[in-house]
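The first chain written gets the first letter, and so on, giving A, B, C and D; residue counts start at 1 in each chain.
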Amino acid sequence: MATTTARRSRFYNLEFIIGASLTAIICFGVLFSEVLFPGGATKVDLAARLTAPFTNWTHPFGTDPLGRDVLARVLAGGKVSLLVGVVSVIGAVLLGVVLGLVAGYYRGFWDMLLMRFADIQLALPFILLAMTFVAIVGPSLTNTIILLIVSEWVKYARLVRGQVLTLREREFVLSARAIGVTNWRIIFQHLLPNLLGPVIVLMTLNVANNILLESSLTFLGLGIDPSTPSWGGMLADGRTYLQTAWWVSVFPGLAILLTVLGLNLLGDWLRDSLDPSGRSSRP
Amino acid sequence: MATYLFKRILQAIFVVIVITLFVSYAVRLTGDPAVMMFAGGGGSMSEADLERVRAALGTDKPFYLQYFEFLKGLVTFDLGRSFAGGAPVSGLIAAAAPSTLKLAFVSMLVSIVMSIPLGIWAAVSRGKAADQMIRIFSLVGVSFPNFWLATMLVLLFSIALGLLPPSGMGSFESYIMPTLTMGIILTATNVRLVRTAMLETLQSQYVMVARAKGLSESKVLYKHALRNCAIPLITYFGLQFGGMLGGLVVIEKVFSWPGLGTLAFDAVNARDYPVLQAVITVLALLIVAVNLIVDIAYGLVDPRIRLE
Amino acid sequence: MTTQTPLLSVEDLTVAFGENRVVENLSFTVEAGQTVAVVGESGSGKSMTSLSIMRLTDNLGAHFKSGKIMFEGRDLAQATQKEMRSIRGNEIAMIFQEPMTSLNPVFTVGDQISEAILLHENVSRAVAEDKVRQLLEMVRLPDAANLMKRYPHQLSGGMRQRAMIAMALACRPKLLIADEPTTALDVTIQAQILTIMRDLQRELGMGMIFITHDMGVVAEMADHVVVMWKGRKVEEGPVREIFANPQHPYTRTLLSAVPRLGSMKGERLPKRRPLTVLEDGQPKVVGEERVQDTVRTDEPLLSVEDMLVRFDIRKNFFGKVTHRLSAVSKVSFDVYPGETLALVGESGSGKSTIGRTIQQLQRAQSGVIRVRGKSFADMSSAELFKMRQEVQYIFQDPFASLDPRKTVGFSIAEPIHTHGLIGDRKQVTKRVHELLERVGLPSAVASRYPHEFSGGQRQRICIARALASNPKLIIADEALSALDVSIQAQIINLFMDLQADLGLSYLFISHDLAVVEQMSHRVAVLYLGQIMEMGSRQQIFEQTSHPYTKRLLSAVPIADPAFDRAEIRIEGEIPNPVRRVGDEPAILGHDEISPGHFVARGA
Amino acid sequence: EGTVTVSVPQDPASWDPIDTFLVAWAAVATNIYDGLTYRGPDMEIVPGLAESWEELDDGKRIRFKLRQNVKFHNGEEFNAEAVKFTFDRLLGDEGAKGPQRSNYTSIESVEIIDPFTVDFKLNAPDPVLLTKLAGYGAMIVPPKYVQEQGEAFNLNPVGTGAFKFVSYNPKVDIKLEANPDYWGGAPKISELNYRFISEPSTAVAELQAGRIDIVVPPTIPIAMIPVIEGASNLEVVSVPGPTVDALRFNTRDGITTDLKVRQAIIMSVDRATIVEAILAGQASEIVSFQSALSFGHDPELQGLPYDPEGAKKLLAEAGIPQGAPLQIDIRSNDASMNEVAQVIVSYLQAVGLNPTIKPYETSTLISDIIPQGKTGAMFQQKWGGWTFDYDNTAYAMYHTGEQWNPYGNDPELDRLLESQRPLTDRNEREKVLKEIGKYVADQALELPLYNTNAIYGVSKRVKNFVAAPDNRLKLNEITVE
């Protein structure tokens, strides 16, 4: 029995196809940047500094203030950025969602404790957390990711907890409990799918956010070597060139945008595939 | 209600103590305010000089004494004086907090006013042009950092068009760009969040019943559907508001806005402990308050949720 | 009746989800002042037809393949949503089938009703609220002024349904579509509500489409009957003709399946009856008749002692409760293995609360609940877990009790997985399919989601789910209310067969006294949270002692249009279960007037 | 007549002369206070509140003749009392709490000879004292007022300067108005406002929008110079300033303990190209760690040439393998240094080293990493050298035990540094300072980079603008349209 109208399913698939191919292309470009532009991302050429884009073939996207090829750097920069952006978001989501579920479902003492930790975490400005963190463990890519997870899980935890508070009073949860379904199964089989929508949205958008945060870490001295390109770093470096050489910061920004667009399309597709009621409801 | 509030106040005290303890201890790991005083100019800086300044600042005492001093100050409402410049900390906070709060409030308002209608619009026109446009807008909003967007706005409105002052806090016009920048960034996420949340409730039977009553589409959407998906939205707005209080540093810097963010940032840079501790305390209290409001709002929005 | 153009005429309407036609080439008319009853098989497209008239199908993703819906000279099938908005609520109002999910959980009842009034009538808020109060009193909701401020989840199923009715009647529409409006109501209130509807119809010349499974109600209310089967209209005609001389085999099957109150007179025990089914286009009687002598009275399976449940209704600022609602006051009863105990009583009298409390979904203030002699308090967690397998609860609202994001197959398999009843995946699937077929659904629907079903189909899914865990006791809260009589008969037989084969017990909560009479060994009559009368079915139905029971029995609609009964009007004060703290209702004692027959004292 | 608005990058938070070392303070306070001496944009020490002075007792006593008929903004009279009060305060308990005191410890006491004559009695001759008296902690404050106000003086400064304090908004602005009775003649503008704008692009945007007339260094980033130059109503005015940058070597651990390696590193970096390309010519190469304006600067001193081949040879001699790692610590918020460091990395890669850059939050770097000797092989040192005297820099950088010198302990260098301090003969002292410069260059203790210009962005409506190398802009002579 076809529960999906033709138009709906076409759109639904198109979304997936575009999202998946965009993500695939970006990942491909990033992974093979070294093959496509050997050494291009770090080769300083002061004679060719700040070449405008689309003016010659050797530097289609122009060059940065040190004469490095912007395209090559954008591709190479994806390595750090995607790694940091994606891994930290996944980590934060896993941590936040689980804690949020537990806090909201069991309530009581653990809820109180977790939410007060959330308060503490939220009241700690990111800079401060970053500074102390680096003072204690020192800067590295792994630490950057850990730091981002530590400072971002709260969002998901609170978001999830809020929803669990209403969901747990819903009849279908009660009915699962009446059957004897274990708490863990209720949490993961019934609550989780019903609250994942906002989490997915936030998650895909937060990838961009964390890519940018990575750059502010560099600014704080928690980051990685500035000669290792990253999108956020390029945006930050291009800040003073906005009026004279827009391409230095616009292209990495676009790279982030396309990545997030791809993830977003995938996220929406995922959300839709989790939401059966949406499927037959499209005119 | 009263017992609940009382419990939350006790918890707030816990939060403030933990956070200030952490902050006070942590900042002391990463630098010496005495040295920072000498930085900037080419003064010679002997160990004796440093000792002298440390004694004057009180940072030569053991940590626990310094911390108790601070706690005592909190209780007696005497937050001490800034290491940098010696101004009373309470004065600095009193001057900075309102500017940040104003900025945060207005930005939040801008974002809510923009994101709810846009998000709902996207949800009802799911997959159509409007939805896609809103999606692109939202992606631009998250893909470019706040300083980038801010600079773009400045270039457009202040330099190309000459309409708005590029920075500073004062007249009505001076609020437009900072709040717009923050508003765009917040809206970018919110709009998508509203959209998803709406998609879920739009399917419910009670939305259909509301329609069957003949309610206007806007009543159906804004009253019946929105309220039912308000929980994640309220949560996130609360998070954003809290996050903004501590995270406005960049916007405050770009627009030379004299707020808590700048105060905290400068205090960190100068290792100005009294100011930093005070700012963090204020932030913690604000955030505890925001989260309390959010928790209470849950119960108001959805009567099935009980406060505990 | 009249010769002028009909109020509503549906012509050749076909409604489809994608390629799946759920209503096909349907035509019928409704005149002003006329009541058209739509009866038919569960899932035959009755609700879809009514949603189509309201043009609410658009939002469900259904579309019209053909047809016109003429209302006052306009074709609603072509109308824009904007035009529809001025018609909905105001000219055509609808009572939705599932009151539980139809009320917005986050607004007060009063708010939701007054909204319609404020929208369509030019009155102030205060006037609207006053009107709401009157409406709520009219549908006999207690404590109307305060009830307005309560939220749907604090009301019982029947109370919600009455709120829905009040909402639909609020604006005095020209056409009222009532989709199973009285399923959750006890017969006395049902009779009252039907009277109100008829009054209103007379007064306003209102046309009415009345969808119901209760043939008694059809007989009492309808002028004209449309019979639907598998998405099509199979027969149509004036009510007397349909009852007297049904033409289509389906109609005949349906009518022969109608349970009649009093048909079991003289029987000591419930009886399984043969089933009328449609076979090769002809109704046919299958199955044997069997006396249901299954009760083993050695040790009660479930015993409830002095259960007391009170809800805090109002608190002051310091969290001190000022008003409480006594939902269940010191109720005691036993259910023996192989026994069916029916719980009947007024809507809002605490039936569901009793069920939920037994299932531990609700905390009782006091009282002991024992399963096989062991109280919950003494059970280890393993025993509690086992108990959850053995005691199953079928929720009054099937839609809400199914996870919207899980296929019904998943939901049915869940108890099996939870209790590890069957290890093998394939076997589980087989079992799920078998269960679906036993409740009269094709096994293919296992992969569909709850929102894709009709009300009656969802109810059967919940039944299948309850059966999945091989329970010993099923608490069935209005589990048959949304089923057409032929399916209902089928399920009743299923229940009774299981009882005979496996010794299942049922705590059967129902408003349908004819079914109760047929099915149950013993009956408890509940009123305002207390048992008024309890005894064997024969004692209750033939030696009725308590005035409330008598009133209840006399209000049962008779499935015969020729039967003319005086209109029932219950006047006077509506008893209010909400009391100040300290002013709790008196607990009535019971007299045992004959062995096993208890009657409350001094009511 | 008219109002001039100036942007300064930082709010010093206190206007009391003894509290701070910030250049931003001096940029503003030069207009509020006067010292006994004054050093203008031409770097000459000229009379300020002292009309003349003479050295007595072999330089261990300086006698100042004070200017008469000078009044503080609050009406208090300027006289010898005020001078004595100022220095007693600086060197007493009050001054002990602040950093400024350490600059003036050569003063033993101030003695009043008559109401307008004071003697400064010194512990030892201090050749830089007159320069120091032109700035910072030596600004003369009104005794009565300061005593009355106590801590409140921080926020309500009163001096004898060309402009009077009007209002101060922490982190926002400070407003001054012309002092018509100024002893040096009434200023030509009536109001002078300073806004604290830390973000360079914001300051430039304000300048572009015409809401700011002068942007004080070190705000304007090199990258934005073309923007200002491109605007018809703005101009860039730049002069060589006191600020110098170098990457200093860790001479205690790692490969940079080897002189040859240090020399090789210096030889691999083409500083001329860096200055031209990255710094847009707004800097000049240096050989020793001081600007050309500095006393002790030796124009004859030749540094190591740019010679990558020679560098490779030296590295080979030192036995350094290809791809030897090398860590360069820099300040993370220094945009120019970020770029320069990356260029340096590519130069060092060209000679076979494998450097990495480690950015540090500035405060951490200067208050922890450097003093504690926790740096990598090379670390950024930026130095303001406001006295324009090599001693001020060299002593702090190279003398054993100094905070800024975590690694060096060279008795020879210590001897040289100590020997010049008591010399009152300028020529002789200059000779020693040059010798120190040469010694440091020979030892290759640092990779000297450049001396950056003080870059001002100025609106063309401001006339008579003279850029001050040390940011201490005195604005009594400018006019506006």
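Note that contacts are C-beta pairs under 8 Å (C-beta built on N, C-alpha and C of every residue); 3 or more make two chains touch, one makes a residue touch a chain.
All values reported here derive from a predicted model rather than from experimental measurement.
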{"item": "Chain nearest the global centroid, as defined over all protein CA atoms shown", "value": "B"}
{"item": "Geometric centre distance via CA averages, chain D-chain C, whole Å", "value": "87"}
{"item": "Rounded Å distance, chain A centre to chain C centre (Cα mean)", "value": "48"}
{"item": "Distance from chain C to chain B - Cα centre to Cα centre, in angstrom", "value": "51"}
{"item": "Centroid spacing, where centroids are CA-atom means, of chain A and chain D in whole angstrom", "value": "44"}
{"item": "Junction residues of chain D, two or more chains touched", "value": "201, 361-362, 364"}
{"item": "Touching two or more other chains - residues of chain B", "value": "30, 151, 155, 202-203, 268, 302, 304"}
{"item": "Touching two or more other chains - residue numbers and ranges from chain C", "value": "59-60, 153, 451"}
{"item": "Arrangement of touching chains [line / ring / star / complete / other]", "value": "other"}
{"item": "Complete list of chain pairs which touch one another", "value": "A-B, A-C, A-D, B-C, B-D"}
{"item": "Residues of chain B that touch chain C when the two form their complex", "value": "1-4, 202-217, 219, 224, 227-228, 301-304"}
{"item": "In the complex, chain B residues that touch chain A", "value": "11-12, 14-15, 18-19, 22-23, 26-27, 29-30, 126-127, 135-136, 138-140, 142-145, 147-148, 151-152, 155, 188-189, 192-193, 195-197, 199-200, 202-203, 231-232, 234-236, 238-239, 242-243, 246-247, 249-250, 261, 264-265, 268, 276, 280, 283-284, 286-288, 291, 294-295, 298, 302, 304-305, 308"}
{"item": "Partner chain B, residues of chain A touching it in the complex", "value": "8, 11, 107-108, 111-112, 115-116, 118-120, 122-128, 131-132, 135-136, 154-155, 158-159, 161-163, 165-166, 169, 195, 197-198, 200-202, 205, 208-209, 212, 215-216, 232, 235-236, 239, 242-243, 249, 253-254, 256-257, 260-261, 264, 271, 275, 277-278, 281-282"}
{"item": "Residue ranges of chain A touching chain C (in the complex, touch as defined)", "value": "1-6, 8, 169-172, 174-182, 185, 189-190, 193-194, 274-277, 280-283"}
{"item": "In the complex, chain D residues that touch chain A", "value": "200-201, 221, 223-224, 226-227, 273, 277-278, 332-333, 335, 338-339, 341-343, 345-346, 356-362, 364-365"}
